[in-house]
Amino acid sequence: MPDVDIDLLERMYTTARTIRRFEERAVEQYRVGNIRGYLHLYLGEEAIAVGAIAGLEPDDYIVSTHRGHGHALAKGHEPGPMMAELFGRATGYCGGRGGSMHVASGALRNLGANGIVAAGVPIAVGAAMAVRQRGGREVVVDFCSDGSSANGVWHEALNMASIWDLPVVFVLENNQFAVSTPISASARVARLSERAAAYGMPGITVDGNDAVAVHEAMREPIRRARAGEGPTLVECMTYRHGGHHVNDPGLYLPPDELQRWKAHDPVDVLRARLLASGVPAGRIAEIDASVEATIEEAVRFAEASPQPSVEDFLAEVSAL
Amino acid sequence: MPDVDIDLLERMYTTARTIRRFEERAVEQYRVGNIRGYLHLYLGEEAIAVGAIAGLEPDDYIVSTHRGHGHALAKGHEPGPMMAELFGRATGYCGGRGGSMHVASGALRNLGANGIVAAGVPIAVGAAMAVRQRGGREVVVDFCSDGSSANGVWHEALNMASIWDLPVVFVLENNQFAVSTPISASARVARLSERAAAYGMPGITVDGNDAVAVHEAMREPIRRARAGEGPTLVECMTYRHGGHHVNDPGLYLPPDELQRWKAHDPVDVLRARLLASGVPAGRIAEIDASVEATIEEAVRFAEASPQPSVEDFLAEVSAL
Amino acid sequence: MSRIKYRQALRDALREEMLRDERVFCIGEGIGERGGSYKVTDGLIGEFGPGRVIDTPLSEAGFVGLGVGAAIAGSRPVVELLFIDFLLLAMDQVVNQAAKYRFMSGGQGHVPLVIRTQGGAGNSLAAQHSQSLEAMFVQVPGLKVVMPSTPADAKGLLKAAIRDDDPVVFIEHKLLYMTEGDVPDEESVVPLGVADVKRPGDDVTLVAWSHMLTKCLTAAEELAAEGISVEVVDPRTLVPLDIATIVASVRRTGRLVVAQEAPRRGGVAGEIAAEVSERAWDALRGPVVRVAGRNTPIPFNLALEQASIPQIADIVATVRGVVGARTPVA
Amino acid sequence: MSRIKYRQALRDALREEMLRDERVFCIGEGIGERGGSYKVTDGLIGEFGPGRVIDTPLSEAGFVGLGVGAAIAGSRPVVELLFIDFLLLAMDQVVNQAAKYRFMSGGQGHVPLVIRTQGGAGNSLAAQHSQSLEAMFVQVPGLKVVMPSTPADAKGLLKAAIRDDDPVVFIEHKLLYMTEGDVPDEESVVPLGVADVKRPGDDVTLVAWSHMLTKCLTAAEELAAEGISVEVVDPRTLVPLDIATIVASVRRTGRLVVAQEAPRRGGVAGEIAAEVSERAWDALRGPVVRVAGRNTPIPFNLALEQASIPQIADIVATVRGVVGARTPVA
């Protein structure tokens, strides 16, 4: 087992737990009608965002996906304005104009979730180009999905990142399904990380349900990127805990497979690591309680927040 | 040296020589103003079309590119209507509506040249799907270029062909440049055929200036495709004898490199093979003379052909 | 006649055409076992097998291109794009390939391809899943564009589209799938290029298509109560456009309002307005007026979303303004 | 003032903006040592190096997306598409990403991206290299669309586009690169959204942009000889559109002809016609009339190509018809 700093472990656990509880409460808020539209849940995949972002500096960028709550929370978005955005309220990160699929924050350097699968990949490469041109040392972490790797723009973007040695790390969240289509029906490679070879890029595959493993695996790619040595493809194996979005029961997921992955729950894995590192159960309970309070506060904040003003919106629009 | 049937060798030489002279005359016709627009020459690359198509049956399909004269002639297009199309005449394959970049023939199963690089690749996959669905045994040969392999749709198409085991062979004509950009600036792989691995597809690289080598290399891919065992990527190394199109002097081509490739001229290679196989020089001179006559006839046919009727065109258009 | 849902009508059309012609196949994302996001292909894979109901990877340009190639080579593919917004990934194949192939090949080749897709706002799906993009396709020579508003039209037009020898962009609306209507039990193919007067009237002509048509019918009902008689014309296909029926109606009523969900700027309503103004200038008693969406990406928030596209009240108010109020407006 | 070519004016604008603001960079196919197909970036790589004048692989969606990301992250990219026809490969990035980002992010982010490209027919380049696609972009909320017709406008508008904080589609015309005109020696930025009356007149307003504008000026000259005084208005930017200047002109002349190279169906001419009809109905003495391309892919053959887009004689005849012939027509 890698030797991890206890503080870092606690922080990772707190973040994973925050994402988990944020989404569980979001589902509940969806059911009562406070949230509308698409809600793609990250339940079961939390370790990837947590592990991939743990080694970043605040100025580093991320590019997110349609399944982006975890990325945003791990990058430092506050649960209150996040929840408010899901509610479509004026206090949300996008003033209620974006919703779950479009959360972004310039200040936190999250270039945005995206409703178009794979579309964020060249955007990440572009951010890396901007960094290069101003002589910055920031790194861009691009979250992308198994489904996205079948899309043309993924190919184009990885190739460009490679030929120009741009400071980006592609974190491919392989949850093994695109909606109901298993990746085995969409690709004839055993590991999607093998595709990196087509761009002369290193590619590795890691247990995406173990935040520590992800964090460790990201060290060298982040170093490489920051040093100007080029991009890396890091495939993180994971699995959804349910359907494609809040309203999809996901009955097509083979029950035994689902069970196996649920038994390897990212939050549980981190809790076990904390216990194994000697952190007392009481401390973990404290963290859980504080996360609970934070999320409860977030839900209350969202509920209490005003709707965006229709008049302001109409005034903006005429200028477009 | 592979053991090739003399008849086949003579046919391949005749075709290569036909393509060569067709284009040399087309350049001349361009200079005197009989041909307008883009004219992308296949000079120096003739062996690929000749070798790749030699093993096909008449019902097999090809999909061509912007550099498509050679593919069409090798697939059996007649030089007369081909030249007439380049002239924009009513007797051309497309009635003068398409020109050099859009030559196509339903009867000859050439699904078409294309002005958009890489756009033909999924079209080829679709033709293979149509064949599969009607239980046909035809094979589709998709000509594509080094530049096209950087395009998203190339990636998408090769992946789909592979996951569905479609009867298509991708013949990648690697002339090592996209206009003036060397492939080394666009890809970080030593051989583009390595990209096949990303799709779980066999990939091979062959001397594209040796029609016999191409023909041999195509045997197994064509067999595989016809047997329903799936696609193959066949990269053919070659080099342009000049600029990107008739008006590009191509000064960026490193002179020594150009010289080396010119010394390995596809038509010369075939001639040498004929001689080595015992075909007398006199027989070769006969072929040359007959090709000369054919092309002269084609030019005369094009010149004598009528312009398309503007009235007919306008009548068609209102129906669109 | 049977009363069925729009999505059922579409499914029936697909099924009947697949039974009738074995060259027809369907391809798209999650259309097989899953039956499509809106259940239009539900059960078809069971009947026709995975060779004719094909689930694809997320390769929109690639599988639209596959449809083009299959169509040229003799099949009759129906390619499904989950959202019209995603068709933007495949524009080269639609515009540069499918639309132009027949022409560029000098009429030798043709592309009997149907692209079935779905657009419009109304479910808080935000800016990238709510667009009304028909004008992008209407302007492309070589494409036909179909936008049915009722189950009967959906069925009859989809059959016509599949039988057509040229590429057709067939645009459904996400708010229509669950709407019901009478559909003939016997086979009924609705020809492309024939408008349908969905409600006759005398005072003003109101042209609309797809989901906006349903709003216009409600608006016409409200206006009738005020004594304003509205003729509601549904072109059903935007290309070919049955301009003759629209002009004939305008010649009777003397007034035209065109309602569209798409943003006003550059929409099809402007095209119809320009065309009718040129053809029926003498008959017009005032300018053709458009009711249209705002020039904005569609917002996520429900109230903002509603404010960004025309509502029934907007149509009523506009028509009232054009005709001149007959009853006092509150 | 100096007399320079359109392509030189564009090059000067790029160079001056790159000197002024180090966040500006250019990216596209063959724009480095080769200097671009039309030589607009000639020599820039020598001055600014390969880090700011970047040759790309044939990855249109990818490098437009790269431009979007670079713009969001603080650069000011000028992305070149060799032909507007190829921009169809990148529509998702243009329409779903660049155009919507500012709005979807609630105004936090913005995309100062210029897409420089080139369209139009006239060189026998056939259907996939000759399109006039401006209407596709005009209809997208969040995009600006610029189409300069003269060297001075090309320079001044490109500078304004680069300085603009929103995405701009900047469309040149292949037949304009070699045309000459006077360009101010001192810095001159032409603001987006301001039309230019290229020729004053009294009898009829003629609106056109890009290469069609030059044909309209010649037509106006011919018509002047017949005693018809034509006011030629060049909107220069289609979004934002300076409708006020057009309406003001129409209010004086009472007549409007709009000429465009794009096919008639779904083009910007229809939009302008509809807009002016609604705003200046009382001033119009007849319908707004469009002179436009045929609804066809552009043919390769020269005579067919010419027949497919408006020629000077078509403009003259249309304007004459609208005004009522003053001199007998032969």
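By letter and in written order, the chains are A, B, C and D; residue numbering begins at 1 in each of them.
Note that contacts are C-beta pairs under 8 Å (C-beta built on N, C-alpha and C of every residue); 3 or more make two chains touch, one makes a residue touch a chain.
As the structure is a prediction and not an experimental result, all values here were calculated from the model.
A.B. asks: Any idea whether A-C or B-C has more C-beta pairs in contact?
C.D. replies: B-C
A.B. asks: Measuring centre to centre with CA averages, how many angstrom lie between chain B and chain D?
C.D. replies: Centres of chain B and chain D (C-alpha means) sit 37 Å apart.
A.B. asks: Can you compute the centre-to-centre distance for chain B and chain C, using the mean CA position of each chain? Integer Å is fine.
C.D. replies: 41
A.B. asks: As a quick test, compute the distance in whole Å between the mean CA positions of chain C and chain D.
C.D. replies: A distance of 30 Å separates the two centres.
A.B. asks: Which chain C residues reach two or more other chains?
C.D. replies: As it turns out, chain C has residues touching two or more other chains at 56-57, 59, 61-62, 85-86, 89, 92, 96, 103-104, 126-128, 141-142, 294-296, 299.
A.B. asks: Quick one: which residues in chain A touch 2 or more of the other chains?
C.D. replies: 94, 96-98, 102, 114-116, 150-153, 155-156, 159, 163, 185-187, 316, 320
A.B. asks: So with touch defined the way it is at the top, what topology do the chains form here? Options are line, ring, star, complete, other.
C.D. replies: Topology of touching chains reads as complete, every chain touching all others.
A.B. asks: Report the residues of chain A in contact with chain C in the complex, numbered from low to high.
C.D. replies: Per the stated touch rule, the residues are 36-38, 88-89, 94, 96-99, 101-102, 114-118, 147-148, 150-153, 178-181, 185-187, 252, 307-308, 310, 313-314, 316-318, 320.
A.B. asks: Under the touch definition given earlier, write down the residues of chain C that touch chain B in their complex.
C.D. replies: Residues 22-23, 25, 51-52, 54, 56-57, 59, 61-75, 77, 92-93, 96-97, 101, 103-109, 141-142 of chain C touch chain B in their complex.
A.B. asks: Which residues of chain D touch chain B once you look at their complex with the stated criterion?
C.D. replies: Interface residues on chain D, with respect to chain B: 29-30, 33-34, 55-62, 85-86, 89, 123-129, 294-296, 299-304, 307-308.
A.B. asks: Touching chain D in the complex: which residues of chain A?
C.D. replies: For chain A paired with chain D, touching residues are 61, 63, 92-98, 102, 104-107, 111-112, 114-116, 119, 121-134, 152-153, 155-157, 159-160, 163-164, 316, 320.
A.B. asks: In the complex, go through chain C and note every residue touching chain D.
C.D. replies: 61, 85-86, 88-89, 91-92, 95-96, 99-100, 103-104, 126-128, 135-136, 138-142, 239, 262-263, 265-271, 273-275, 277-278, 281, 286-290, 294-297, 299
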